[in-house]
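Just so it is clear, A, B, C, D, E and F label the chains in written order, and each chain counts residues from 1 on its own.
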Amino acid sequence: MVSTTANKESPLSKETYDALMQSSTATITTQLMKRGLRNAFLEGLSLSSRRQEKMVGVAFTLRCIPAREDIDVLSVFQDYDHPQRKAVESVGPGSVLVIDARGQTRAASLGHILATRIKERGAAGIVTDGTVRDMSGFEELELPTFSAGASPTTNLAKHHVVDMQLPIGCAEVPVYPGDVMVGDRDGVICIPRHLADEVARDCLEQEVLEEFILERVESGKPLRGTYPPDESTLKDYEEWRKKHKR
Amino acid sequence: MVSTTANKESPLSKETYDALMQSSTATITTQLMKRGLRNAFLEGLSLSSRRQEKMVGVAFTLRCIPAREDIDVLSVFQDYDHPQRKAVESVGPGSVLVIDARGQTRAASLGHILATRIKERGAAGIVTDGTVRDMSGFEELELPTFSAGASPTTNLAKHHVVDMQLPIGCAEVPVYPGDVMVGDRDGVICIPRHLADEVARDCLEQEVLEEFILERVESGKPLRGTYPPDESTLKDYEEWRKKHKR
Amino acid sequence: MVSTTANKESPLSKETYDALMQSSTATITTQLMKRGLRNAFLEGLSLSSRRQEKMVGVAFTLRCIPAREDIDVLSVFQDYDHPQRKAVESVGPGSVLVIDARGQTRAASLGHILATRIKERGAAGIVTDGTVRDMSGFEELELPTFSAGASPTTNLAKHHVVDMQLPIGCAEVPVYPGDVMVGDRDGVICIPRHLADEVARDCLEQEVLEEFILERVESGKPLRGTYPPDESTLKDYEEWRKKHKR
Amino acid sequence: MVSTTANKESPLSKETYDALMQSSTATITTQLMKRGLRNAFLEGLSLSSRRQEKMVGVAFTLRCIPAREDIDVLSVFQDYDHPQRKAVESVGPGSVLVIDARGQTRAASLGHILATRIKERGAAGIVTDGTVRDMSGFEELELPTFSAGASPTTNLAKHHVVDMQLPIGCAEVPVYPGDVMVGDRDGVICIPRHLADEVARDCLEQEVLEEFILERVESGKPLRGTYPPDESTLKDYEEWRKKHKR
Amino acid sequence: MVSTTANKESPLSKETYDALMQSSTATITTQLMKRGLRNAFLEGLSLSSRRQEKMVGVAFTLRCIPAREDIDVLSVFQDYDHPQRKAVESVGPGSVLVIDARGQTRAASLGHILATRIKERGAAGIVTDGTVRDMSGFEELELPTFSAGASPTTNLAKHHVVDMQLPIGCAEVPVYPGDVMVGDRDGVICIPRHLADEVARDCLEQEVLEEFILERVESGKPLRGTYPPDESTLKDYEEWRKKHKR
Amino acid sequence: MVSTTANKESPLSKETYDALMQSSTATITTQLMKRGLRNAFLEGLSLSSRRQEKMVGVAFTLRCIPAREDIDVLSVFQDYDHPQRKAVESVGPGSVLVIDARGQTRAASLGHILATRIKERGAAGIVTDGTVRDMSGFEELELPTFSAGASPTTNLAKHHVVDMQLPIGCAEVPVYPGDVMVGDRDGVICIPRHLADEVARDCLEQEVLEEFILERVESGKPLRGTYPPDESTLKDYEEWRKKHKR
């Protein structure tokens, strides 16, 4: 049985991090599908930052349940130990804050000030299946943030932050603390932690091969023989790798 | 600040239970709205049982996240301590098992055999914002079950049961362990536990008054003076109560 | 140009009423399509009454906008001239109260007491693209009610009744005061008033012919020659009509 | 590679048919999941017939694309060779007509007269991810029909029947001509044809075992040892089978 | 009781206008929530203009119901007094045209030529919960327009403009003529008119404080003590205000 | 009866192509509505390319049904004659590949390498009611692509490419092989082939007139007399055309 908690707190190796930074979510998704995982994509989330497109980090999870009018009142934010504030101050370097907002978009998961604090703490990104507020601030922030859009409404109107670092669902994908989150223009995916190293390594291989194939296709080659590459094309590929030192 | 955990394990008083059994969810919802709570209704769930329409019980919560193909395989059900099985054997007399299935209807939250065991344990009902399987079995079961419909697919295909007795969202309503779940033909509502006794008492009053008003309207009276009752109608009501010993 | 207001207040002729009571919504929809109208069906609404399945009546419209917390408070119902109460006391014999609830199902459009009053006033039915409360009461009511389901929540939580007898949309179908609403097990349709008499007449013809065709098909006849009827079948039909005095 | 066309026209063996008639869709779905198939359920369809609940038959597929106003006019039904009419006259004994209606519910896939003809031809059922018209007729029909509900609007308003006996999607499940459709109160599933015989056989086994387990649970047994059965329970089961001759 | 019609025609004071131009919708939404209003945000609408991001103006409402094929024909646009044209010529300086399109996106609420006329009349913006056509024209228009996207289809295909300056719902938010509409990158909100002046004043205060807090957080300060500010931070804030003359 | 197959393979005349390249989808949609066609717009698709906004071409159709786990495995892509690959190598110069993906967005219809090959073959564009992968590649591609967004997941996870050049539905619009697809910032529309020439000619006329009207409105003219133009304005228009040689 796969353990889902073993690497909850440990950072990614530099090698794996670097490989994933060079791999598209499309490539990673194919590598996961080879391993029987067809549901790694957090559908419906898009990037708000204009400054940084690529995100790789370790999942730090936060769970929200629906708000209740007598509990979730504005005064709770006076408490520095409110779970939402505590979570923000717990996200560490290299982590991605992943928020289960139940796909509820009518109130924001968080705003620009908290996101700035998260960036200052060295986090690698933010992911929510809800919304963010102060979108113009997020656009300029040097921290990739993926969300289901913008809502100016403060999170208390719809959300009650309840606990952190438990397994959650985000956009109908399971996210266990310690899993690896990767984001780019196609969106966000979640790599189960125990597969991260081998997937990263195989992705690098696939990326180089596809760069070569794309070159070929751009030069007018038909799919037959080229995509997927037959033996003759693979031979050319080996030479191309040597030549380009890839 | 309202405590949301104080009565997690304690049963309802007989008085409150009886009052709620005689009160419609419509009446209870109005009483909650008077107290500022507008979001008590678990929209979209319907009753599967043909045998018993009314449900009153204390929430016992179960949380599911999305399944992952390498973890959620059929063999896990060989384990009697699998969280789903453990939860079934933990629901006690007077409790309602409330399942957070994220509104995911493509696989069932549970089937007829587990539901039968829950009934045998003396539970008061089952609520899920997902689906159930073996619907024909549920129709004959003497245990009110409210769900978003039927799906023959076993829960592992979409769900991973992860923990129990934590606060959850169900159909976008917050449910804290110990809250009071009430169901009838209009659906299911959740009463925050600290309000249950006073709400139950006021509901009984409202139910009797509305029975009287309905009689009047059925006899041809216009709304003016009758609904809401003016002073003269209220006087008649007092006599009616005496006469009918209500 | 077609007038949409000419017959706002006038009742249906007995002939038209009787013909529509004998015609299915399926037949009427085909007759409307012959006249270029493809959008007469109020999709998504179902019948709550167990007592009466067929509804024919003249539209009396009521419009709701979203509620606002500082205006739509429970105390407004103390006012007998509140627009919702006024509308109930304005619906006359033979009318169908048609409510534009914007498809918002999270709070009921009305409850059993008001519906009872509407029945007492001689109305022919109720249609809302929202929900109703006290569903068990509606099931026993001798007044066909079509809605998008049940919600125990009182209408003030989501709705503000704003005006009546203006043209509205209901389930994305235009309804002008005076139009003819027809309901059965397939749902509800709206016939523009100026077409009601001719459509009713042609429907009766079609219903008799289809009864004859169904008999033939039930006796094993293939579609060819029978549905639609060719000349020989039409001849048999004429004899059948004579024989059965249809 | 699995062939998806081999048994397109051949009927089910009596043994397989009988076994599937005794198996619930819940049981079959579990057997398919054991074989790696998690997407066999046509979500969102319900049974309209009150007369017959269980359906087993071989898929005969029909495909609809959206209608176009200048092609899909009422006069096309004058043509007995119109694809919809031709399909109805092609469905044979033991077949289930499966209609790809793209989930479009605003116009019916077919009505009561055509369904009656299909029944007369000996078909085993009708499945559409769209709607049907004349619902009251379908309720009385001795032919199980599963649909996404009722719509009185004739199919031309939204549908153009284009071809038959090609592979289709229905409710986001692939259906190849010759596949086996099974329906009950939980809904409809599709069994790939090459698996039908072995799945049917294993389902029968599972059904008998679950009948025994249910008896045990109803007599108060806890899940531990019973569900799934441990060795001791399995021994009791063997005796129970002998005693009851199952 | 709050009057919803008192200021229907009166313009905003310069002070209130200026304050709202400097306030984000996020800040305004929080101020409204402090006053018990949780439903001010018109979810799902985005800005089409590339030229101007901020919008503040007084609501001028327009209501559409579904189109009917025999009434809503292209020839109606020959009439300069058609309600849509009349509305365009009635929107005055400082107003925002707010269109209730029932969330129907399949046909545009209006196109670039009418929008240009609205701009020429001095309006402050356009808001619809439907779509616009000629999106490339809107992108270059110096008039903030918020919509649910683009559709090339002319409004008659789905919409019938019926009346103006009545209370409407737009994206499930109540909008009364005279209310104040504010838009930015987070979307559009509606401020009930009687609250506009006090909300504007309090927003200005909050904006300055949050600017200071953001500076602190960007300089590495933790949330504790800073957000919300404790006494010591508030003291620093007072000095900062003096220094920066805010 | 209109033939839907006559021009399946023939290219557009240069005159029609040029006219449509100068016509907006808004204008074309109005011309189609004049001819009774209200459903030409493929709602919900947006342009991914930053390089080229306008698309005109002849529909080459591709149909997908839902994937099945035992058939749609990664190894099928080893086959150069896999239907998806064959379709890519069949799309010719001037064609638009139109993919029926049933609106299923959870797996991509195709990726950047195949799209590059399609561009190399001289195609005019790609349209899918599903998603694409490698969005950053599509943004730089000199081939207009319209889709429902991005998904990194390879198409096999949800799609089985089944056949090509059959009539399909795409975004609930019928598309027959040979129809004319036009795209711009408002989205994509489909012109039935037999209407393409006359619609193109009338669009050109309308575009010039609207350019003139827009100039007038920008110069402050009211709608009355200008939009639509009265006789006096039409006279000015004739002079304007002469002067500007339009």
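Note that in this section a residue touches a chain if its C-beta (ideal position, glycine included) is under 8 Å from a C-beta of that chain, and two chains touch if they have at least 3 such contacts.
Quick caveat, the model's predicted, so the values are computed rather than measured.
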Both-way neighbours, i.e. chains that touch subunit E and touch subunit B: A, C
Shared chain contacts [subunit B and subunit D, defined touch]: C
Chain whose average C-alpha position is farthest from subunit D's own: E
Interface residue overlap between copies subunit B and subunit C, same or different (over half shared): different
Euclidean distance of C-alpha centroids - subunit C vs subunit E, Å: 37
Chain centre separation (subunit B, subunit F; CA means) in Å: 50
Subunit A-subunit F separation of Cα centroids, rounded to whole Å: 33
Multi-partner residues of subunit F (each touching 2 or more other chains): 38
Chain contact topology (line, ring, star, complete or other): other
Touching pairs among all chains present in the structure: A-B, A-E, A-F, B-C, B-D, C-D, C-E, D-F, E-F
Complex interface listing, subunit A residues touching subunit E: 74, 77-78, 80, 85, 88-89, 105-106, 108, 111-114, 116-117, 120, 133-136, 139, 150-154, 156-157
Subunit F-facing residues of subunit D, complex: 1-2, 4, 35-39, 65-71, 102, 104, 160, 162-163, 166-169, 172-174, 192
Partner subunit A, residues of subunit E touching it in the complex: 24-26, 28-30, 33-34, 38, 40-41, 43, 53, 184-187, 189, 210, 213-214, 217-218, 220, 222-225, 227-228
